[in-house]
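Presented sequentially are two complexes of chain A, the first with chain B as partner and the second with chain C.
Moving on to the complex of A and B:
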C-alpha cells in the first residue's frame, strides 16, 4: 500500500511540476487513451507499412542488383545503379527533359486557361453548370480512358485527325502522331493539358467563390476596369489557391504516367521517369535495383518540390 | 571470385540485413494468405504420390479467342483419354501473363503453365522456379527430333519444357500481286533490293512494317544478323558473349539502313495488325513476320493467295541456313500440387494426338512431333514444315534467345532509336554494349 501511495504522490507531483501552459493540461481517462491510441496508431501503422517501409526498402534496394527472385539473390553494388543511370542509360536524360517540359507546359498553358474558364464561369453566365460539367469531365474520366480516346484521335493510319486532313498517306504527307519523337510528346501534352485545364478550373472556381464580392465592387467604384480589378484585386486574393495550384501542377508533372502508358507505352520521344521505373521493375526478368534507383531519383526531385510548400504551410499554421 | 567480391559481400552486411527485415515486414501482410495457401497445398500433395487422378491446374496466356479454343480442345482430348483427371484452366491476358510471370511463379503458380522455349525458359529453370521433367521426356523423347530435345533442356542438361507447336518467320507476300507485276521471289540480297525498288516505282509500299509493339524490329534484326554473320555469331551476341561494338554487327545494320527507305512510313506508331492489313489490301508488297500474320487473312480466298519466302541470303557462306521459328509449349511449376496428373498431361501434349488436337482448331502453326500427319495442313503450314525441315539452325527470337531484361529495357528502345535515326548507329551500338555489360555481368 505504502508503495502505491508514494508512487501516486510522485506521479501527481511530477505532473504538477511540469512546465506546461496552465489550463491546457488535463488527465486523460483510460478510454481517452484507447481512443487516442487507435486514432493515431492505426493511421500511423498504415502510413509506416504502406509508405515508409516501401520507401525505405526502395532506397535500400537502389544500392543493389536484384532480379526479384528469391531474397538471397540480392547483391550489394553500392552506387553503381546511379552511376549507370547518369552516364550510360540513354533514356534517362530525355525522360528528365520530358518531365520538365511537362511541368512547364502545364504551368504555362492549361493552368492560366483553367483560371480563365473559372473566372468566366464565376460570373454566373447562363448554362454555367453545364459548362462546368463539360470542362470537368476529363478530370472525372480515368486517365487510362483518356489515353485510349486520344490514341483513337491520333492513330496515324485511321485516327480522326489524319483521316480528316488526309495526312495518313505513307507516300505523301504522313503525320505520325504516336511514333514521331518530335510530335508525340506534344500530342500527349495536348491530352494532358485538356485534362489539367478542367482540374485547374475547379480549383480556381472554389477559390473565386471565397473572394469577397465587395472587393470587386469597391474596385469598380474606384474606377478600375475588369482587367485591372482582376489583376490587382482578385488575383492577389487568390494567393492561397495559387499555392495549391502550384503544388498540384508540380505533382501532376512528376507523376505523369497513365496517359502516356496507354498512348504508346512511353516509347522513343515520350519517355518519362515514371515510365522508366515501370519498364525496369515490371516484366519478366526485372531489374528491381535499377528501377528502385530511378524511383529514388524521382523521390528526391519530388521532395525538392514539396518540402518548400510544407515549410510555408507549417509556418503559417504556427502563426495562427 | 573476382578480387573485389569480398568487399562487396562483407562491407554492407548489416545494412543488408536491415533491408531484408524491412522487406519481409512489408511483404508480411500481403503474403499471409499466400503462405496459408502454400501450406494447405503441401498437405494435399503428399497424400497421393504416384496415382494420376484429381485436378491439374494450368495457367495459360492464350487469351486470344482462337488459341484459347484450340488449347481447350487439347485439354478436352486429354480428359477424354484420362477420365479421373480434370484440367482446370486459368487464362490471363497474354501480355499481362508475361509481365507477371516473375511474381506468379514465386507465389502459388498453377501446376502447369504455358511458356516459350529458349533462354527465356532456361532462365526460370536455372532460378529453380520450374520442375525437372526428365520422366516426361523418357516417355515422349522418341516423338521428337534432336533439335527439339535441345530446345527443351535447361542449361543444366535436364528437361524443363514440352513443346506444342512452332511458327517460322519469313517474308510474306500475295501471289496475285507478284503475278500482276511479274515479280520473282528474291533469294539473294541484290535481287531483294532491286525488287524493293521496282515495287516502289509501281506505287507499292515495298516492305510493310510496324513497331508500335516494339518486338517486330527485333525480328528484322535477327534475320539480318543471321544472314550477315551466321547463326553462331548471332547466338553469341544474344547470350552476351559477342560484343555489339563488333564491326560485324554494324555491317548487319548497314544492310538494314540500305532497305530502310523501302519500309512502310510511320512504323513506330503502327501496330502489326495494321501493317498486315496493308499487305492484305495490296498496298504493301512484302511483310516480314511470323506465320501468325495469316490470322489477319480471314477470307479463305485471301488466305489462299498468301505465300512466303525465306529471308534472302546476304553472305553466301551462310546462305539461308538459319530459320527463326519460335516454339511455344508448357512447363511444370516448382511445387505442383498434383505432379502425377500434371506429368500425364505433359506426356499427352508431347504426343501427336496432343499437338493434333490443337492444330485441328488453330491452323496458324505447325506440329513438332516426328512423322506428324500433314495431310490436314493448309499451304502455309506445309510450306512452314518445308522451311523448318530445311533449316540447319533454328533460332527462337531475340526476346527468347537473350536476357529478357536486356531486350525489354535496352534493345527495344535502342532499335527504335536506330529506326528514327539510322545515321547514329555507331553511338547507339556502343550504348547497347555498355548496357549489355551492366546487365549480363550483374
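Moving on to the complex of A and C:
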C-alpha cells in the first residue's frame, strides 16, 4: 500500500523515454516488476499447489497402492487399481450408470424447462419477478439443506408423498423412496432437477437479454409463428449461453454429491463416482490408490467437457 | 455487461415490440399466467412443507400424522434446534471461514485479472486457462491427494491443535480461496477488459506505479463486479458441504452447513426438528437472496455472459 517516492521518480523517467508499447514489461521499474510478480505469483501458487498439483497427484497415485501411513509405503502397482475397479468393484458400474443418468436427466428435463421458463418470462409479463423468485429459490439454498427438505417429502413412513397417497402401509403398498434402489435415484433426481431448472432459467434469461429484439420482430413480420421464431431465430442467437449451459450441466452432473450424501449417504441405489471417491478416503479402510483411480476417471470425463469449453472461450482471445 | 435479469424485464419500455399488439395475445397470456402461477406454486411446495412441519409440535404430528390440519403452530422447534445443538457455534465457524475466504478470493483474483488484462504477458492466456479450468474441476478429482497434502503440511500449534493443516479452519479458508479464485479471476478479467486502456496509459505517463494503478484506478472501477461476486461467493462458501466433510474431523470445527449431517440424528431427532434446523441454516442465504437478489444473479450471469 505504501509507494516509495524514489521509485516514482525513476518510473517517470522511464515512462517518458518509452511512450509507446503500452503494457510491456520493459517499461516497468524493478520494483513494479516485483509487485506484479507477487500479485500474480501468490494466487497462481495457491491455485497450482492446492488444485492442480492434487489433480496431477491423483493421476500418479492411481497407479500405486498406499495405505496412507508413511510415504515409504507407496507401492507402484501399474494398472491394477483400474483393473480391479473395472472388473470386481461392485459399486463402480452402478455409480457410472447413475452419473450418466444424472447427466441425461439434467440435460433433457430441467435444462430445456429452464429455457422454456426463461423464454416465457422474458416476454414483458406481469409478476415476472415473483415467478422468477419462486423458480430461483432452490438455487440459493445449499444442496445439503435441499437434501433435508426433500427427505421430509420422501420419508417412507410419514413423508408428504406417502402420506398423501397412503403408500406408507407396511402391510400393503409401501413405497420406500429412500431405501428402495429402484426408486431412490429417481427421488434424488427430482430434487436435483428442481434445483437445476432455476439455475438454467437464470442463465438463459441473461442470454435472452442479449438477443436483439428486432430479430424476433423481423421473424414475426415474415410470418413465422412463435415456435419457428424461437427455433430459427432465438435459439441460434443463444449459442454462447448454450455453451455455458452445456458445461455447467456436465460439471453439475459429475459433481453431484451433497443431496445424495444427505439423502442416504449414497448407498443402495444412489451410488455416484463422487461418493465412491469420498468413501475411499474417509471410510474405515482408506485406499488412496483406489480413490485416486476413481478420481482420474472423473477427471478424464470432466476434461471432455472442460477442454472444448476452454477452446470455445479462449479462441476469441487469441485472435484479439 | 451486468445482467440484471430479474429486474430489467419488467422495466423494459412497453413500446419495444410494436408488432405484437397487446390485445391480440391476451388469451394466450391468461393461459401462460395460469401455467406459471401453478408451476411457481408447485416449485415452492417443498420449502412450504418444510416450514409447515417445522412449526408444528412433534407430539401433535405424532398423534395426528404430518399430513393434518394444525391445532398448534409455534416456533418451539426453532428454539430447541438453536439451543440444544449448539447451532450458534457452527454459525460462528462459518463466519470465521467465509469472511476471510471471500475477501482473500476477491483480492487475489483481482490481482490476477489485473495483470492478465492490463499487461501484455506471454503467459496471460495460460494463466487464465489454469484459473478457469481449475474451478471447473469436480472437487472430488482433487480431494484424495488434497487430504493427504493437508496431513503433510505443518502449522504452528497456536493455529492448529494437531499441528497439521488438516482439521483446521485455515485449511478450509485456503481451499475455498484456491478453488473459487478460478471463477472470480475469469469473471473479473472479462469485466476488466471493458475498461478502456487509455486510463491506465495516462496514469503511466503521470508516473504511477503498478500498485497505484491497481489500487487507485482499476479497483474502484471494479465495484459493481466485486459486489456481485462477493454476494455470490458468500452464498457458495456458506453453502459448501463437501470440503468440511472431508477436511475437518472434529465436529466442533464444522461450518453450519456441513454440521447438519452430524446434527441430524444426534440432536435433530425428529422431522420437525430437522426441518427447523435445516431452515435455520437456510435463513442467512434466504436473507441475502431477498435483499441482494440482483447482485447474486448478476454474479452468476457475469461469468456466463462472455462465454
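The rule is short, and it goes like this: the second predicted complex is superposed on the first by the 288 of 320 C-alpha atoms of A that agree within 3 Å, B and C clash if a C-alpha of one lies under 4 Å from a C-alpha of the other, contacts with A are read in each partner's own complex, and residues count from 1 in each chain.
Keep in mind that, in the parts below, a residue touches a chain if its C-beta (ideal position, glycine included) is under 8 Å from a C-beta of that chain, and two chains touch if they have at least 3 such contacts.
Just so it is clear, the structure is predicted and the values come from calculations on it, not from any experiment.
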{"item": "Contacts of A:30 with chain B and chain C, given as first, second, both or neither", "value": "neither"}
{"item": "Partner chain(s) touched by A:176 [first = chain B, second = chain C, both, neither]", "value": "first"}
{"item": "Which partner, chain B or chain C, touches more chain A residues", "value": "C"}
{"item": "First (chain B), second (chain C), both or neither touched by A:76", "value": "first"}
{"item": "Touched partner set for A:280, first chain B, second chain C, both or neither", "value": "both"}
{"item": "Contacts of A:155 with chain B and chain C, given as first, second, both or neither", "value": "both"}
{"item": "Touched partner set for A:140, first chain B, second chain C, both or neither", "value": "second"}
{"item": "Touching partner for A:223 - first (chain B), second (chain C), both, neither", "value": "neither"}
{"item": "Contacts of A:54 with chain B and chain C, given as first, second, both or neither", "value": "both"}
{"item": "Chain B versus chain C as contact partner of A:205, first or second or both or neither", "value": "second"}
{"item": "Contact residues common to both interfaces of chain A (with chain B and with chain C)", "value": "49, 53-54, 57, 61, 68, 155, 158, 280, 282"}
{"item": "Complex contact set, residues of chain B against chain A", "value": "8-9, 11-12, 15-16, 18-20, 22-26, 29, 98-99, 101-103, 106, 120, 123, 127-129, 203, 205, 211-212, 214, 264-270, 274, 403-405, 408-409, 413-414, 416-417, 420, 428, 431, 434-435, 438-439, 442"}
{"item": "Residues of chain C defined as touching chain A within the complex", "value": "3, 5-10, 12, 14, 16-20, 29, 32-33, 36-37, 39-41, 43-44, 46-47, 49-50, 53, 61, 65-67, 108-109, 111-112, 114-116, 118-121, 125, 127-134, 136-149, 151, 174-175, 177-179, 181-182, 185, 197, 200-201, 204-212, 214-215, 235, 238-242, 245-246, 257-258, 260-261, 264, 271, 274-275, 277-279, 281-282, 285-286, 288-289, 293, 296-297, 300-301, 303-307"}
{"item": "Touching residues (chain side chain A, partner chain B) in the complex", "value": "49, 53-54, 56-57, 60-61, 63-65, 67-71, 74-78, 80, 84, 88-91, 154-158, 170-171, 174, 176-181, 184, 264-265, 267-269, 271, 279-280, 282-287, 290"}
